[in-house]
Amino acid sequence: MVPITYYLLLAAALFCMGMFGVLVRTNALVVFMCVELMLNAVNLTFLAFARMHGNSVGHVSAFFVIAVAAAEAAIGLAIVIAVFRSRGSVNVDDIRTMKH
Amino acid sequence: MNIELVLFGVFAVMTLLSAGLVITARSPINSAMALVSTFFFLAGIYVLLWAHTVAVIQVLVYAGAIMVLFLFVIMLLNLGDAPHRGKPTVTRLLGGASAVGLLAVLGVTLGRMDAQPARLDAQAQAAFGTMAAIGQSIFTTWLLPFEAVSLLLLVAMVGAVVVAKSRI
Amino acid sequence: MSFFDTHLLNVVIYLPLVFAALVLMLPSTEHGQVRTITFVGMLLDLVFGVWAYFRFEPSGAEFQMEFRVPWFQQFGMSYHLGVDGLAVSLLLLTVFLGPLVVLASTTYIQHRIKEFHLALLVLQTTMLGALASMDVLIFYIFFEAMLIPMYLMVGVWGAEDRRMAAVKFFLYTLVGSLLMLVAIVAVYFISGGPGVRSFDYGTLYNNLLAANQQLAACANGPEGACANLLPLAATLHTYGPWMFAAFALAFAIKVPMWPVHTWLPDAHVQAPVAGSMILAGVMLKMGTYGFWRFAIPLFPVAAHAARPFLAVLAVIGIVYGALMCLAQRDIKKLIAYSSVSHLGYCMLGLLAVTGEGATGSAYQMLNHGISTGALFLLFGFLYERRHTRLMSDYGGIAKVMPVFTAAFVIITFSSVAVPGTNGFIGEFLVLMGTFKSTLPLGFGAFATLGVILGAAYMLWMVQKVFFGSITHRENQHLRDMNLREMLTTAPFIVLVAVMGLMPQPFLDRIAPSTDRYVARASVGAPGATQAKDDQLRVEVMSLPSTAAAARPSVPAAPLAVRE
Amino acid sequence: MDGSLVEFFRTAPIPPEVFSPSLGLIILLPLLGAFVCGVFGKWLGRANVHLVACSAIAGAFVLSLLAFWATSDAAGGRVVSMVNPFGLERDTIRYAIAHDYGTWFAAGDFRVNFGLLVDHLSGILLLIITGVGFLIHLYSTSYMEHDDGYWRFFAYLNLFVAAMLTLVMADNLVLLFVGWEGVGMASYLLIGFWYTDSAKAWAGRKAFVTNRIGDFAFLIATFLLILTVGAFNRQADARDYNAAGSSRARYEQGISQRGPVTFKGLEKMALALPEGTGGAVSLATPIESGPLAGYTFGGVMTAALLLFLLGAAGKSAQLPLYVWLPDAMAGPTPVSALIHAATMVTAGVYLFCRMSSLLVLSPTAMATIAIVGALTSLLAALIAFAQDDIKKVLAYSTVSQLGIMFMGVGMGVFWAAAMHLMTHAFFKACLFLGAGSVMHGNGDETDIKKLGGLWKEMKWTHATFLISTLAITGIFPFMSGFFSKDAIFHGVHHNHLHGLEWVSTFVYVMGLLITASTAFYMSRVYLLTFTGKRSKEAKLAHAHESAWHMTLPLVILAFLAFVTFVYALPLMPRTGGGMQPVFENFLSPVLRPAEAVARAAETVHLDTSTPAVGDYFFAWLVALSGGAAAAFAYLKFFPSRVGQPVPAFARAVRRTAVNKFYVDELYEFIIIRPVKFTAFILFRVVDALVIDTVLVRGTAYVTEKVGLGLRRLQTGDAQAYAAIMALAILGGAVYALLQVLS
C-alpha cells in the first residue's frame, strides 16, 4: 500500500515544476506545456484524494479538467498562432502591448 | 517493500525527470516530447491509484490529441531552438524563487500528514474507477456540468478557428 | 378623509414631474407650447403649495400633512412625507420661485428649450421632495438627485466656461454628500437592533434621544456621569463626532460656509438666470435646512462641541463674503459672494440656539431666497441686453432704464436689510439671537459689521451700474423692462414689502419648529434648561397597521447578520 | 387772557381717546403720497403731483396739530393721561396719547409692536416736521419747476417725511430704528437725486454708508439694552420695582405685551437702577447670568449710551462721522433745508431727549456727548470760516449748531436742547431756503464771492435771510436763536456731572468761542451775499426775486424764527416756587423721569436757575464781538486790501480750513483704503490662491498625478503579473502553514 501522501508530494513537485516553467520560460508554447503540467498535477491530486476516500467524484473532476484543458489548449494555441502571425515571434518578452 | 511501491517509485522518478526535461529543454520539440512521456508515466500512476478510466482518457486525450496539436503548432511555426534562454529578470527570479518556496512549503505541509488509501470491500473495489461508475455519476449527478463542458468545447473549437484564421 | 387630506404633499411634489411627462411628449420644436405647459405646471404647483402652506396649523402637530406607506421595509425604509414649519415655508418659497423662473427664461434660453424646461420641472420635484421627505434615505436620494438637473443647467445653458463650473459644482457637493451617505447608514445601524432600526427620521431621532441625553450629562456633567453609559451612548461617544462631521461637511458645502464656498461664485457666474435664481433661492437653503433638521438634532453633543468653531466660520463667512464683494468687478460674482455673507447670518442664527436666532435664521433663508433671487433675475434681464457681467461696462443706465433701476434699488435695500424690508427682520433677529446666546459678545459684534459692509458693497455696485453719466455707447439705447419682465419682478417687490411689514404670519408658522429645534439642539448644552421629552421626541404617524401585518418588519438576513 | 380762551385751548377738538387710534394716519398720508407720486407720478403730470404731495403733508400737518392739541387736552381740569403699561394701574402718563397697533414681529421672548406715542416732545417735532415739511414742499413746487424728475423728487420727499414721522412717534427703539434708517434711505435717494452727476451719487452713498456705521453702533446698543432689561428682570426685587412705581407682575406683563425696548419700559428700569432705591439692583450691581455676566449695570448702560452716541453722531453729523453732511449739499436745496437742517439731522438730539432718563445714569456718557458736541461745533465753525460755497457754510453751521444741541443734551439741559432744535429748524430752514432762492435767482451761483449786493434785487429773500442770521448769531437779542442757545449755555454752565465737574466749565468756554465764531461766519455770509455791490463774476447781471411759492415759506419761517423766543421766557410757575421758562415747563412731563433719576442716582446735578439779565448781556456781547469782527473784516479790512499779497501763514491757515482740515483725506487713508486693500488681498490670495487653487484644484491635481503614477505598474508583462500572483500564493501558503504550526 503506497501512502496517499506520496502521491500528493509527487503532485506538489509536479505542480511547482510547472509553475516554475510558466514563470521562467520565455517561449509561449513551452509556457503552455508547463500549464498542462500543472493541470496534470491537479488531476493527480484529485485522483489521490479519490482513492483516499474511496469516492469516485474525484475521477469526474479529473475528467472535466481534461476536457477544459483540451479547450484551453485549442484556444491558447490559436492565440499563439495569431500572435506569431502578427509579430513573428512567440517570445513572451515581445508580447507586452497591453501596457499603460 | 511490495511491487506497488516499486512501480510508484519508478513512475514518480520518471515523471519528475521528464517534467524537468519539459521545463529545461531548449527546443520546444524536446519539451513537447518530454511532456508526452510525462503524461505516459502519470497515466501509470493513475493506474496505481485505481483510476483506469482516467488513465485511459489521459493517454487518449492528452498524449493523443492535445500533444499532437502542440506538435502541429510547433512545426507549423517551425520554431528552432530558443536562441537564448530568457535573460533572468527580477520577475523571473522572483517567480522561480516563489515556485521553489511553494514546493518547500507544500513539502513541509504534506510531510506532516499521513494519509492512507481507503480500505474498500471487494465489490466496491471492483466498481471503483470503472468506466461504468464514472459514466454513472457523470450522466446522472453531473449531467449539467457535462453538457456545459461539451458546450465549452464547441465554443473553444469555433473560437480557435476564428482566432487562428488568417482570413476566411 | 378626502384625497387631499392624505396626498396634498404628493401632489405638490410630483405635479411638476407630471408636467415634465407632458413636455416630454411635445415635439421639441414647439417652443411656445413647451414654455406654456411648463409655466402652467409651475403655476398649478404654486396653487397647491400655497394651499399646503395655509393648511399648515401653526399650533398643530410638529409634522403635518403626513403621508406614509411601507416601502423597502426590510431595510427599515418607508415612503414618508411630512412638513414642519420650516419645511413648509421653504416649500412655499420653492413653488413661489417656480413660475417666475420659467418667465425669466423665456427669452434668455434660446437652444435646447425642451430639455431646459424638463430640467426645470425635474429640479422642482427633487427640491420639493427633499424638503418634504421624512425618511432620511429618501431625503438623501432627493438631495442627490437635485444635483443632476442643476449640473445640466449650468453645464449646458451656462456662460462661456460652464463646463468647469458645472464639474466643480458637482464634485464639490458630491464629496460632502457621499460622506453624509456613509454617516446616514452608520447612524442607521447604531440606532438600534434588527427590527427596531429604521431610516425614518422620527424613529431615528427617538432611538438616539435617550443616549444623547445621557451623553450630554456625561460630556457636561461631573466625572462620575460617564460611567456605565448605554452601549448606544458609548458608540455615539466614540463615533458621534465623526458622523456629525460628515453631516456637517455635506451641508456646510451646500450652504456654503467659509472656506468651502468657492464653488458658489463660479456656479453662479456661469449658470443661466434660472439656474442662479434656483441655486440662490432654494438649493443653498438645503444646507441650512440640513443642519436644522439632521446634523444638529441628531448629534446635539457633538454639535455643541463644534458650535464655537462653526460659529467662527459663520462670522468669517459674513465679513469675508462682504469683503470679497468689495473686490469684485463681476456683478454676478458680487451677488454670489453676498450670498455667502447672507448665508453666514443664517448659520450664525442656527448656531446661536436661541428662539430669536433660529427664527431669524429661518426667516433669513426666505429673505435671501427672495432678495438674492430677485437680484439674479434682474441682472439676468440686464445680461440679456448687454451680454457682459463687468460693472465697468455699465454706468448711468438709470437714465435709460428708470423702472428697472427702481426695481433693482428696492431689492438692493431689501438685501442690505433696510428696516421696512424683509431683510431687516431676519438680520435683526439673527443678530439679537446671537447677542442673547451663550456665544461671546464678540460674535454678535463682528457679525454686525456685515451691516456696514453690506451697504458699502451693494450701493457701490448700484452706483457703478446705474448712476453717473452713460459711459458706453451700447448702453444708450437699452430698452426698459417690458411687461413680462415687470410681471416677473413685481411678485418679488410685493413680497419684500409684505414680509417686511407683516412678518408675523410667516413667523407664526416657523415659531413652533423653532422652539423644537432649540429644545433639541440644547440637549447637548450644559446649562440649558432641558425641555421635557414630549417636546423633544419626534411624533410622526406610524405605518398603516394592515401593511405592517402584511409584512413583518423584521429585516432580512443581509442586514441582520451585521450585528 | 380770559378763561374762556384758555378753556378753548385746553380742550382738544377731538377727544384724545377718540383721536389716538388714528395716529397712524399721520404716517400713512405721506406714505400714500409717496406711493402715488412714485408709481403714477409720471402719468399724473406736474400739477397733480404737486397737489398730491403737498396735500399729503398738509393733511399730516393738520392731523399732527390735532394730535398735539390732544396731548395738551385738559378738558374740565382732567388732564389727558394714559395708563403706563409698565407701571402700576395708578401710575399714569400725563400729557400723552398713544396707540398700539399690535405686533410687528415676535420671536422667542422678544417682540416689537407698532406702538405710536405722542407726548409734548414728539408733538413739537411732529409740528416741525409736517409744518416745515409743508412749507418746503410748497417751496419745492417752484424750485423744481424745471426738473423732469419732479415726481421722483416729491415721492422721495414724502417718503422722507413718513420715515421721519415714524422716527418721532415710535414708542420703542426698534420702530424708531425703522424711521432712523428710513430717513437715511430717503436722504440717500435725495442727495443722489441728480444721479447723472456721479459726484452727487457718491455723496449719497457716502451719507448712507457713514450713517450705516452709526446704525451698526445703534443696533449693538439696542441689543445691549435688551440684554440689560432681561438681566434686570431676573435680578430686581420688589423694592426696585417699587422705586419705579411698578411691580414685577406689571413689568413683565408690559414686556411680554409691548416688548423689552419700549421707552416707557426702559424709563422704569432707569428709575429702578439708582442706589437710592435700596433694591437688589443698582448701577454697581454686577449682572449675574447671561452673556453680560460680570459687567455692572452701570457699566453696560454707559457702553450702550456711548454706542448710541456713535449712532447719533452718524445721523446728526457729529465727530467722528460728520463728514457726510457737507457733501450732502449735493442734493437739491429744499432737501438740504428739510433733511440736512431742520429734521433728520436732529434725530440724534431727539433720541437722547427720548432716553434722557437712561442718559442721566451715566455721567461718563453725558460728558462724552457734551465734549464731542463742543469739539464738533468748534471744528465745524472753524471750517465754516473759510468756505465760499454758501450751502457749504450753512452745512457746517448746521453741524456746529447740532454740536451745541449735543452739548446741551450732554450736560442735561434737555429742554433747552429740544428748544434749540426747534428754533434751529426754523431759522436754518429759512437760511437754506434763502440760499436756494439766491441760487434760483442767480443761475445756481453758490459762491458768495461771486454774489453780493442782492439786498436791492431780492428784497424778501434778503429780509428773511437777515432775520434768520440775526437769530442764529444772536447779534440782535430777542430772537429765538439767541435765547435757546443762551439757555443751553446757561444750563451747561450750572449743571454738574458728579466726578466730572471740569466738563461744564470746559464746555461753557467752548460754547462762548462757538458763539463768537458763529456770529463771525454767519455775518460774513450775509455781508458778502447781500451787501456791498454786485460782484464782477456774477453769472447774471441782475438777479430776480423768486415766486411767491418760495418767498412765502421764507416769510413764515423768518416770522417763526423771530417769535419763538417767547418760549424761553420764564413765564410759567415752577412746581415748588419760582418761575420757569415756558418750554421747560412744557416739556416737564416728558423730562420729569429724567430729573427723578438724576436726583436719585446723584450722578448729575440739574440746575434750574434761570439766566439773569447779566448773563444775557454777556452772551450778547460775545455774539456782538463776533459780528463786529466780521463786519470790520469784510466791510473795511479786506476791501481795502484787495490786490495786496496775503501773508503766507494766513494762506496756509486758509488752505487748511478750506480743505476741512483734511479730515476726509485722513479717513480715506486710515479706513477706506485699508479696507479695500484687505478685500483685494483676501480675494486674490486667500480666495483665489489658497482655497481655490491650492486646496481645491490641488486635490484634483494630486489625484490625477497619483493615477498617472500607478499606471506605471501596468507593464503588460504577463509573466510579471504571474510572478506576483505566485508570490501572493506563496505568502498565503506560508501564512496558513504558520497558523497550522503554531
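Order as written gives the chain letters A, B, C and D; numbering starts at 1 within each chain.
We take it that contacts are C-beta pairs under 8 Å (C-beta built on N, C-alpha and C of every residue); 3 or more make two chains touch, one makes a residue touch a chain.
Small disclaimer: the values here were computed from a predicted structure and weren't measured.
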Starting at chain B, what is the smallest number of hops through touching chains needed to reach chain C?
-> 2
Centre-to-centre distance between chain D and chain A (centres being mean Cα positions), rounded to whole Å = 98
Quick one: chain C and chain D, Cα centre-to-centre, how many Å?
-> 39
Centre-to-centre distance between chain D and chain B (centres being mean Cα positions), rounded to whole Å = 105
Using mean CA coordinates as chain centres, what's the chain A-chain B distance in Å?
-> 7
Residue numbers in chain A touching two or more further chains are 19, 22-23, 92-93
Which chain B residues reach two or more other chains?
-> 91-92, 95, 98-99, 102, 106
Can you tell me which residues of chain C touch two or more of the remaining chains?
-> none
Return all touching chain pairs.
-> A-B, A-D, B-D, C-D
What residues of chain B sit close enough to touch chain D in their complex?
-> 91-92, 94-95, 98-99, 101-102, 105-106, 108-109, 112
Note: in the complex, chain D contacts chain B through residues 717, 719-720, 722-724, 726-727, 729-730, 733-734, 737, 740
Per the touch rule above, chain A residues touching chain B in the complex are 1-10, 12-27, 29-30, 32-34, 36-37, 40, 43-44, 47-48, 50-57, 59-60, 62-64, 66-75, 77-82, 84-85, 90-93
Which part of chain C faces chain D closely enough to touch in the complex?
-> 168, 172, 259, 262, 320, 323-328, 354-357, 359-360, 396, 398-399, 406, 413, 418-420, 424-425, 428-429, 431-433, 435-441, 444-445, 448-449, 451-452, 455-456, 459-460, 463, 466-469, 501, 503-504, 507, 511, 514
What part of chain D is in contact with chain A in the complex they form?
-> 711-712, 714-719, 722-723, 726
